[in-house]
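There are structures below to look over.
You will see two complexes here that share chain A, one where it goes with chain B and one where it goes with chain C.
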Partner chain A sequence: MDYSLLPFRFERIEDSEIIVNEVGDFLICPTGTSKNIVERNIKEEDSIYKDLIANHIISIATIPALIDNLAARYRTKKAFLDSFTVLHIFVMTIRCNQNCIYCQASSRTSDQVNYDISIETLNYAIDLMFQSPSPHLTMEFQGGEPTIAFEKLKYAIEKTEEINIKKNKIITYVLCTNSVSFSDEILDLCLKYKILISTSLDGPEFIHNQNRGKSDSYQKVVQGINIARDKLGFDKISALMTTSNYSLDYPKEIIDSYIENNFSNIFIRALNPYGLAQNNDNWEKYNHSFIEFYKTALDYIIDINKRGIYFEESFTTLILKKILTPFSTGFVDLQSPAGLINSVIVYNYDGCVYASDESRMLAEHNDFTFRLGTVKDKYNDIFYGEKSLEIANTWANEALAGCSDCAYQTYCGADPVRNYTTQNNMNGFRPTSLFCKKNKAIIEHVFLLLITRNEEVMPVFKNWLNKN
Partner chain B sequence: MYNSTIRSFKSSIDKEALIIFGGNQISIGHYFSEPLVDSFKILIGTDININSIDTEFLLLKEEDLINITIGDILLFRPNGTIRKIYNSKSEDNVLFLTEQCNNYCLMCSQPPRKTDDIDYYFSLNTLLIKLLPKNIAKLGISGGEPTLLKKKLVILLEQIKSCLPETAIYLLSNGKNFDDISYVQEISEIGLNDFVIGIPFHSDFYKDHDLITQSQDSYNRTLKGLYNLARFNLNIELRVVINKINYSRLYQISNYIFHNLPFVCHVAFMGMEYTGLVPKNKKEIWIDQTEYNTQLKNAVLNLASWGIYVSVFNLPLCLVEKTLHQYVKKSISDWKVEYFEQCINCVLKADCGGDFGTSLKHSVNIQPC
Partner chain C sequence: MIYLIQIDEKTIQCEIDNDIYNDRVITKTLYWLSNNYTIYQTKSGKGNIVKFEKHIGVFDDNEVASLKSKISQNLIDFKTRDIVNQETKSIREILLIKAFANNDDFEDYNLIINNKA
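The block that comes next holds the complex of A and B.
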């Protein structure tokens, strides 16, 4: 039969073939369907014919009559690009009062004051932030432990508030802290400016303390979380976990500890090959174990939800939103064009501007590949400069070998920094990329759940999506 | 409701006239061809000496006044008919704009006619809008296809905005003419504050939609129209009239709506009315309401699970699965609704929207819940 092909990609999962259109809608078909489509073997009376037409996979006209509607849907999926850089990360200091075994930020001990950001750098960086076209700004304070540089933190927020009287942007403040030493003045500042607290909790006491290299960290963090909840409101505090080698054997214990501490979600996060975490001896083995860890954890979490307890795995929710809904996600670590520069920028304590959080971590190892300039440079020279243009060549998975024809392209993202760090060039090489392997495995696992356990998992998944 | 009462009268008038019925004796009337410039009296009873009256008059018999209450607006025609075009007791009043349509749906309950009636209804409605009480809660606009009025529809909506600023306006259209984005922009710029456009969506598959509308390219034009309306943030209610051609794809239709039309504010799945063109096309289009229970359930629950506001219209509760009862609305206009002998003993009668009294045939499955 005569029909035209619209862009679509496909992948075999067990006995099914998943066919994904250009905007992420999918059909689960019998294997061989793609071949039949391409060879024009689909007939009008076949039951799948109506589905293929209605789902923008084939078209009667070469240019479909509703191509503008499809374009609107494409724009909707890419809506995270609309306002350009939203997330502005300020590395206030790289001093820290913890000693994490997987530290991604190469922190220094707390008495080395020359690792704090200067007032001059702050002024320039805040000025750059306000040049962002986005009506919403997220100003995120990182470290090290940013609360150690409290006076600078206070100055940064007050300065921003002062400038914003004229600029009138909607600003969200996020403080990334280990929560081990909340003073009254920190909490007062958080309360006054409605600062969101993002903290780290790796699981139960024996795991958390092991990962922190301290014997009392868990107790202090939990205490800190509860103090902050009391003072700032329950929903102002969120926690991230990082899966160390040691964590891999304890998925259930980690989830239980999150529930015990009254969290309603967890973000299962793998180690990144940056900073101290790069010394992990066998990344391939770790990657493999992490995928199994994720699957076990997700199964366990689904069971918890089936018992009537709302508890969300947030990475899965992000993947599900990409797979099941027509909407865009604001998750900077998995998007195309990549989050760096487009969605996030980093002002480092030393006055340098980096394309992403990971980029500045590389710089701590004297690799300045992703340094875009300094805070004293002009906005255009940083955001549209030669370095940005160079990175732009590899930041869209639509144009990367091994990604451009991947069925999961619309659900995944590009990561030039990761490619560079692990494979020595920003293009990367998909067949040996652990980033690819991990994301593909997780997306595939989610699809497998949707295919084989649909009626069981769908109510749980929709519950998560509707809360977000 | 339009056309709900027709009575004869004797008169000396030679023009069509609107009156607001004010009681048992006298009221003010208007010729709508010369709005608001004149007035006349209505006299009731047969033994009045007309020679003693110096203005124009209408002579009504007492029995002409059955079904007419104070506040109703009546249309008097020189041919001796009265139509009630505003029913002060009803919540379902509609401005009727034309009998013409650019679709010819197989299940149309009020089949369109080719007639040059746009100017006539336009001037009638122009006056009617001025006469309607300011506190009227809601007003429908229907046809035929109202957008066939083109610029005149914009003018009517502007009049509504200035005369009835608080009234909720519901416009029923097939959406095809909204494929012209400048037209949509014009309507959006009127700035009606409570305005919903109801648009039928018959299938996710273009050929099924076009088959139902009997109009080639109607699927494409309606979908372009829907995107144009969304672009100007106009409120859209999608209406899926369930029939023999589309019922097997109700679930796919619900998925299509969530993925491609998530901006709509309401989706209504609607039972068919056995009237108009349906009897003639029954072989192609009619299906008993109980035959699509599963498909309807899957579609409604799917949309509801995505947080889309969804309803079931025009189906009595006994024909719908219990899990869907919470979505079933009393949607049949008050002047059309009917209950049956079986319904007397039904425990859910008070919650049930009944069936179309205007349907010439009813499901054999109607029974007490």
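The block that comes next holds the complex of A and C.
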């Protein structure tokens, strides 16, 4: 049969083969289909022929008639690059009032004031932020616990508002807080500037308190969440969970606690190998257990939705958006080119600028590999400097060994910081990469659900996609 | 068909014909096996002599069978991928240029000429 090939990748998945084209369209086929395609064994009368044409896997013409359409769709998949750096993280302090067993930020106790950002650093950092070409900016305040440095937080927002009278950017403020000590003045500030609150809730009381190293943390967090909801509005507060080793045995209990606390979604998030979490004694075992935890949790969540309760697993929604829609996501941890620098930048409390949140976590252990400069440096020297160019060599999975042929490339991302942290070089080594194993397993699981339980899961998944 | 010869309890050897599988295909196949084995590759005529030395422990029959199956499957799959990559190199470049070039900066006439040819 005379047809031309279009770029596609494939992977064996159980008894089938998944074929994915350059823009993420996929076909589930019998094993051996790709080989048959390249050997020109597919005939026009074969039932799969039209599917292969329709999904831009083969083409009758050398240059397909819809090449412009394909190009537009490719551009849409990479739309997160259009505005360059949108998310600007300000590490206000690394002081904290909690004692989390997996702390990834190497926080200090509340009385160590030397770990707060200075007004001078804030001024320089805000100036850099406004040099970003993006018309939308997200200014995210992190720690430690950023509300401990309340006066600096207030100053940063007021300064930004003042400058923005002339700059006219659309700015979203996000406060990442443990919510255990909201004062009226914090909530008044949040109300005045429509600040979104991102908090941490690891599950029911016995898990949350165990993870936080405090006996009253859960009670305070839940109280804080409810106070913030009353004052700011229900939709202004979102929560994130981290799956500690202890959490792994309790997927259903964790989901139930989110529902009990009136959340309509959960983001099942694995531990990252930074800060105290780095001390985890067996990452291979943890990774394997986390994947099983995720599958059990997702099954449970699907059952909840089938009973008529809307409850979403947000990581799955991100993957589904990549698989089932033409759009990109703003999720910086799963992008190619990677989220660091392209989508996110970090201004640390000490005046240094880092490529990502994880990069500054490494710096707390005296590893400054991903330090791009200081807030006093010029914008171009930071964002387009030698260090950024060095990182750029490894930030696209299209050009990484082991990723370049992977069928899931379009749905996945590159993470030079993770590669460096866990495998000692930014390129990484896919056969032993736990980042690769985890993402591949989760993406494969989502595909298997779409293949084997389509009628059951699609109404639920579509519901999640429609809400996002 | 790939034939494996057991050299000793820790080492397996096989020969891969370069007329069937090019170096790119062989390298990508071996890449995914290098987490469990130290791999030594030498050229011999039209073939590649590849030795797999276990990092830990010794080979048993199950592992030999599993390794043989993985090598065979990976060679076929990476050869298929290689053909796709080679045949679609130009169209991929065109696609990316069209996706990211400003409309005014990119003329289509070369494509039309090539397509007719």
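The working rule: the second predicted complex is superposed on the first by the 468 of 468 C-alpha atoms of A that agree within 3 Å, B and C clash if a C-alpha of one lies under 4 Å from a C-alpha of the other, contacts with A are read in each partner's own complex, and residues count from 1 in each chain.
Everything below uses one rule, namely that contacts are C-beta pairs under 8 Å (C-beta built on N, C-alpha and C of every residue); 3 or more make two chains touch, one makes a residue touch a chain.
Everything numeric in this text was worked out from a predicted model, so none of it was measured.
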So, after the overlay on chain A, do chain B and chain C clash or fit? They fit
Margin query: So in the superposed three-chain picture, is A:I63 touching just chain B, just chain C, both, or none of them (first/second/both/neither)?
Written below: second
For apex chain A with the CA centres of chain B and chain C, the angle to the nearest 10 degrees sits at 90
Would you sort A:D51 into first (chain B), second (chain C), both or neither based on which partner it touches?
first
(Q) By the touch definition at the top of the document, which applies to A:K35: first (chain B), second (chain C), both, or neither? (A) second
With the two structures laid over each other on chain A, which partner does A:I309 touch: chain B (first), chain C (second), both, or neither? neither
| said: Per the contact definition in the header, classify A:K462: touching chain B only (first), chain C only (second), both, or neither. | reply: first
Across chain A, the partner (chain B or chain C) reaching more residues is C
| If you stack the two complexes on chain A, which partner ends up touching A:L6: first (chain B), second (chain C), both, or neither? | second
Query: Touching A:A72 in the superposition: chain B (first), chain C (second), both, neither?
result: both
For chain B relative to chain C post-fit, closest CA-CA distance rounded to the angstrom comes to 11
Chain B and chain C footprints on chain A meet at residues 68, 72
Residue set of chain B touching chain A in the complex reads 204-206, 208, 217, 220, 223-224, 227, 231, 249, 252, 256, 258-260, 262, 305-307
In the complex, chain A touches chain C at residues 4-10, 12, 22, 34-35, 38, 61-64, 67-68, 70-72, 74-75, 78, 401-402, 405, 429-432
In their shared complex, chain A is touched by residues of chain C numbered 28, 31-35, 73, 76-78, 80-81, 83-85, 87-88, 91-92, 94-96, 98-100, 111, 114-115
In the complex, chain A touches chain B at residues 25, 50-51, 53-54, 65-66, 68-69, 72-73, 325-327, 458-459, 462, 465-466
